[in-house]
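Both complexes below contain chain A, partnered by chain B and then by chain C.
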Partner chain A sequence: MLRIGIPRALNYYKYFSLWKTFFENLGAKVIFSPPTNRAILDQGAKYVVDEACLPVKVYFGHINYLKDKVDYIFAPRLVSVEKKEFSCPKFMGIPDMLVTNIDNLPEVIGPTIDLTKRDNNLWKIIWEVGNIFSKNPGKIAMSWFKGVSDFKKFNQVWLNKSIPREFKITHLDKDPGRLNIAVIGHEYILYDGYLSMNLLEKLAKLNVSVFTSEMIHPKMVNKEVSILPKRIFWNFAKNLLGSAFYFSKQAEISGFINISSFGCGPDAMTSSMIYHHLKTKNNKPILNLTIDEHTGEAGINTRIEAFYDLLKRRVG
Partner chain B sequence: MILTFPHMGNMYIVVKGLLEYLDLDVVIPPFSSQKTLNLGVKYAPEFACLPLKINLGNLIEARQLGADTIIMAGGVGPCRFGLYAQVEKEILHELGYEYDTLVLEPPDKHLGQFIMRLKKIIGTNSWRKVIEAIKFSYQKACAIDLVERKVQYLRPREKRIGTVDIIYKHVLNTIDNAQSYISLQEATGLGLLKLEQVPVNDDLRIIKIGLIGEIYTLLEPFVNLEIEKELGKLGVEVTRSLYLSEWINSHLLMNYSKREKVKPFVQLAKPYLNYFVGGHGRETIGYAVGFSQEGFHGLIQIAPLTCMPEIVAHSILPKVREECNIPILTIYVDEQSGKAGLVTRLEAFIDLIRRQLENQRRIAK
Partner chain C sequence: MNVFLGIDVGSVSTNIVLIDETHNVKQALYLRTLGRPIETLQNGLLKLYTLIPRETKVKGVGTTGSGRKLAALIVGADVVKNEITAHAVAAADQIPDVHSVLEIGGQDSKIIILENGIVSDFAMNTVCAAGTGSFLDQQAARLGLTIEEFSKLALKTKNPVRIAGRCSVFAESDMIHKQQLGHSISDIVAGLCQALVRNYLNNVGKGKDIKAPIIFQGGVAANPGIKIAFEEALGEKIIVPQWFNVMGAIGAAILAKEAVSGKNETNFKGFDLVKSDFTTLSFECQGCPNICEVIELYIDGNLKARWGDKCNKWTDAIENAG
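Moving on, here comes the complex of A and B:
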């Protein structure tokens, strides 16, 4: 049985249900790397330039963990998942960065997923990738459809305002007495307990209900960002921005936590836009957390607690 | 209506040429300085890239001189430059500076609106005159590049350091003042003649360095800490991967006057970087390979800190260095960069290259 390794980083948090079902139905054994830990980060930081952002370093660490344990590594070049929108330059260069920096890699399956102009080349990619595991077109198509159906189920959990069980994060549902905070951040930081320093868990311990951008329907996000004169051409950053705009109008949301990694290009721009929006339109408090490999947990804890106290006092 | 635009190296000459040809009022922001940077750093988002901060500083300074309409380039991703206009406008608005903006970029949804805005700016000028103005100012850009290449050739060779740059400044002024094709030709021709008269040393061992990286840091001497001049002092002949006229042609004129259809750097970047990554990431890799094939002695990559496409390129460059056997130095600049630190690194890098060449010569003997 062919083993395919998928790093538990970057796009994993969004698409793993799709990939897992797809590859397993094709008869491959899917191996995920373990949740991020110090060793993985340190290994990753060795392989990639200092200036890269933390999530990319972690990604390299996960690849390094997997490289001796699998026959293939799945590292797609995710250029775009929506028309006229991109992911981020680093996502677009990932397979090339991997191949040039890590020696002794198993074969990398790195299809270019570019749906900027039209989406009918998606089938070509599915066919190419599926072909490695099965020569049966019916089986490939079947696996894909099963994957998509699992992916939809998985997303529905988010849309029901809760966090998928797979991430093993304690999440409190909405309750009249609780404080509601919108946490704005990329899913590969938020749901990676090591990178976010268990931010969501910590909020749950403080008896706070958390709302994240995945809980907002994409159509709603698009509607919210359409008020801007200029298209936000990064898909992931657009989701953060749109959901922040949406949450800012909800009376029950009393504050915002914005978490991003040092050196994140899109966030540098959208954070500023969120900040201006909240300041001019709704006057809701926001806490900005920036993480890198030197961030200390104690400092983050203090800031979260202080912010919590502030909100408590405001809400009364 | 008084127009203004952010600085990028010698770009001001071209834009001024364009707008004055159309008899429009234009204010050129003071040249980027520490004051500009301070203003930008004060009001721009902390983690935005350096060009945004300086652009913002330019626009604030231009406002104080009476400008009320901005013309600037834009983009549709994935480089952050595409959102500069949007973010800057928000910040300026908050500071109480109301600006009208015309962003030159492929229109996304409102083509009509774009044309309306353009019409508002060009006023009573006919489209024909606008096209003439574009042609004329593009000629200016080409003239500047012609002179600049000569300057880059002469800097390491001049007998008295600084002569070339004095003439260069003067020539730029005459090109800036040229109002017609004839006076532009005269300015360029005379400038080149003057430069040819500069006394040079012929017996030097010149090091050839290719400068690659992000466009703004390549073209704006204030941001790259006059790296080309400093390299000239060290006896280095510099060639850049990007020149102003090429960028105008490919980015703003949609390759209108392009000679070749296939971009050579795309082919050269394979197999290192197989896809575009926004900004000038693929150019950086492509030109790195190209320069090494042309026999350059070393490469210097320069980019603003946290520039996404250049980080991708930077992490791929070690492989290029290994396989093409060429030394590469990467320099990131931000508001904290100091000239002394840069010069030390350049000296060390050039020393390394000189020693390597010396060793090779000895072995060859």
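Moving on, here comes the complex of A and C:
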């Protein structure tokens, strides 16, 4: 059985259900790297290009972990997942950065996924990637449809305002009367406990109900960002902004935490836009957290505790 | 006399205060931590003990600062609070209508905005510690001055020079450059004060609604040069409270009073604790690839606490043991 390795980093957090089902139905053995740990980060920092942000460093560490354990590595070049919108420039360069920086890689399956245009060749890609594992066109198509179905089910968990249990965040059981905080940040930071220093779990332990961008329907996000004078063509940034705008209107959300990685280009802009919007439109408190390679958690704990005190005293 | 003890264990200083029932400061100690928080704390408590009348009764203890958890374990605290809340509580107690609190400490800086005595917004410096007390310390040492001489020099300036405040490494090269051009030290020091203030307002203070009354506290508030630079930049009068360098500890003491109100008992172990032997040991846990640094606290040879592990297996082992 052919083994395909998928790093537990970056777009894993959004698409793993689709990929897992697709490849398993094709008869491949899917191997995910373990949750991020110090060894993975250290290895990633060793192999990565200089200017990368922390999540990309970690991605390289995951690839390094997988490289001797699999026959193929799945590292798609995600150029765009929505019409006339783009992912982040670093996502677009992932397969190239991998092959030039890590030696002795197994074969990298890195199809270019670009849905900006109507004629996006998605079926051609499904066909090409599927062909590596099966020559049966019916099986490839069926695997894809099953994958899409699981992907939709997975997304529905988020849309039901809960956090998928695959991310193993404990203490999430919600009681009424908790504080509600919207946590705005990329899913590859939020749901990676090592990168976010267990932010979501720490909030849950404080009896806070967490709301994230993934819980807002894409249609709603698009509607919210339409108030901006110019269209935002960075897809991830648009999702963060749109959901923050949406949450800012919800009376039950008492505060915002915006978490971003040091050196993230698009976030430098969105963080500032979100902050400005919250301050001018409805004056809800916001805490900005920046993550980097620090291992000391004292700083982040102090900020979370102080923010919690602030909200508690306001809400009463 | 009934008093409340507040302890603020920071990166650079360890501050201990005693306040009475009406929040008057009875004793205040500002001690350099010197990388030995436990020893400093013990020495501080011993010194405090010699300064207070026999009939003094400690009714509650609060700890804050980056070493708050360690301090709480050692003295037996009734409340352990983050330094933002502690500073805000103290500021609002000293100047009830305070709106903005500028706080610059050894390795962090923060801004707190209050409305009607309640924190409405705050920010701390992010990954960078540029423009905090440690940087001033370093530059004073480079010029061969004590920090006290350094802070007075800025007042003698006639024409402060422009220094890049964005990053302390760049600031240092700028300072060296200006000094080689022949600018006087007082002009350079004053320029540095302005750079630090600019950096603070553009980073920590960015987008914050800074309105009077403004309080400036933390160890760096001892620098009149910085206070003047703030007044020039903001166009407002800056108040440096009498106890500016121990405000966190005062806040912790006030919070301790709130925590014990109505239950007439405290976790305080008493001043005898200075006779106990506190030792910390650390080891790297090899249980998983995270290789956490686990710290163990021994009191008189008995293992009393562990922390530092991400998975809590060592921490829990101790808590379950009682």
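Things to note:
The rule we apply is simple: the second predicted complex is superposed on the first by the 306 of 316 C-alpha atoms of A that agree within 3 Å, B and C clash if a C-alpha of one lies under 4 Å from a C-alpha of the other, contacts with A are read in each partner's own complex, and residues count from 1 in each chain.
One rule holds for everything that comes next: contacts are C-beta pairs under 8 Å (C-beta built on N, C-alpha and C of every residue); 3 or more make two chains touch, one makes a residue touch a chain.
Remember, it's a predicted structure, so these values are computed and weren't measured experimentally.
Placing chain B and chain C on a common chain A by superposition gives a fit, with no clash between them.
Put chain B and chain C next to each other and count what each touches on chain A; the higher total goes to B.
Legend: residue contacts after superposition of the two complexes on their common chain; A:310 is shown touching chain C, with no touch to chain B.
In the superposition on chain A, A:40 contacts chain C only, with no contact to chain B. Using the contact criterion defined above for the overlaid structures, shared-chain residue A:290 touches chain B and also reaches chain C. When the two complexes are overlaid on their common chain A, residue A:165 makes contact with neither chain B nor chain C. In the superposed model, A:302 lies in contact with chain C only, and not with chain B. Angle at chain A (Cα centre) between the Cα centres of chain B and chain C in the superposed arrangement: 80°, in steps of 10.
Of all C-alpha pairs linking chain B and chain C after the chain A fit, the shortest spans 5 Å.
Chain A residues 262, 275-276, 290 lie at the interface with chain B in one structure and with chain C in the other. Contact residues on chain A toward chain C in their complex (touch as defined above): 37-40, 194, 198, 262, 275-276, 279, 285, 288, 290, 292, 294, 298-299, 301-303, 305-307, 309-310, 313-314. Listed in rising order, the residues of chain B touching chain A in the complex are 44-49, 74, 76-80, 82-83, 85-87, 90-91, 94, 103, 108-109, 272-279, 281, 305-309, 311-312, 314-316, 318-319, 332.
Residues 48-49, 51-52, 77, 79, 84-90, 92-93, 95-97, 100-101, 112, 228-234, 262-269, 271-273, 275-276, 280, 290 of chain A are the ones touching chain B in the complex.
Residues of chain C that touch chain A in their complex: 66, 81-85, 108, 118-124, 126-127, 207, 288-291, 310.
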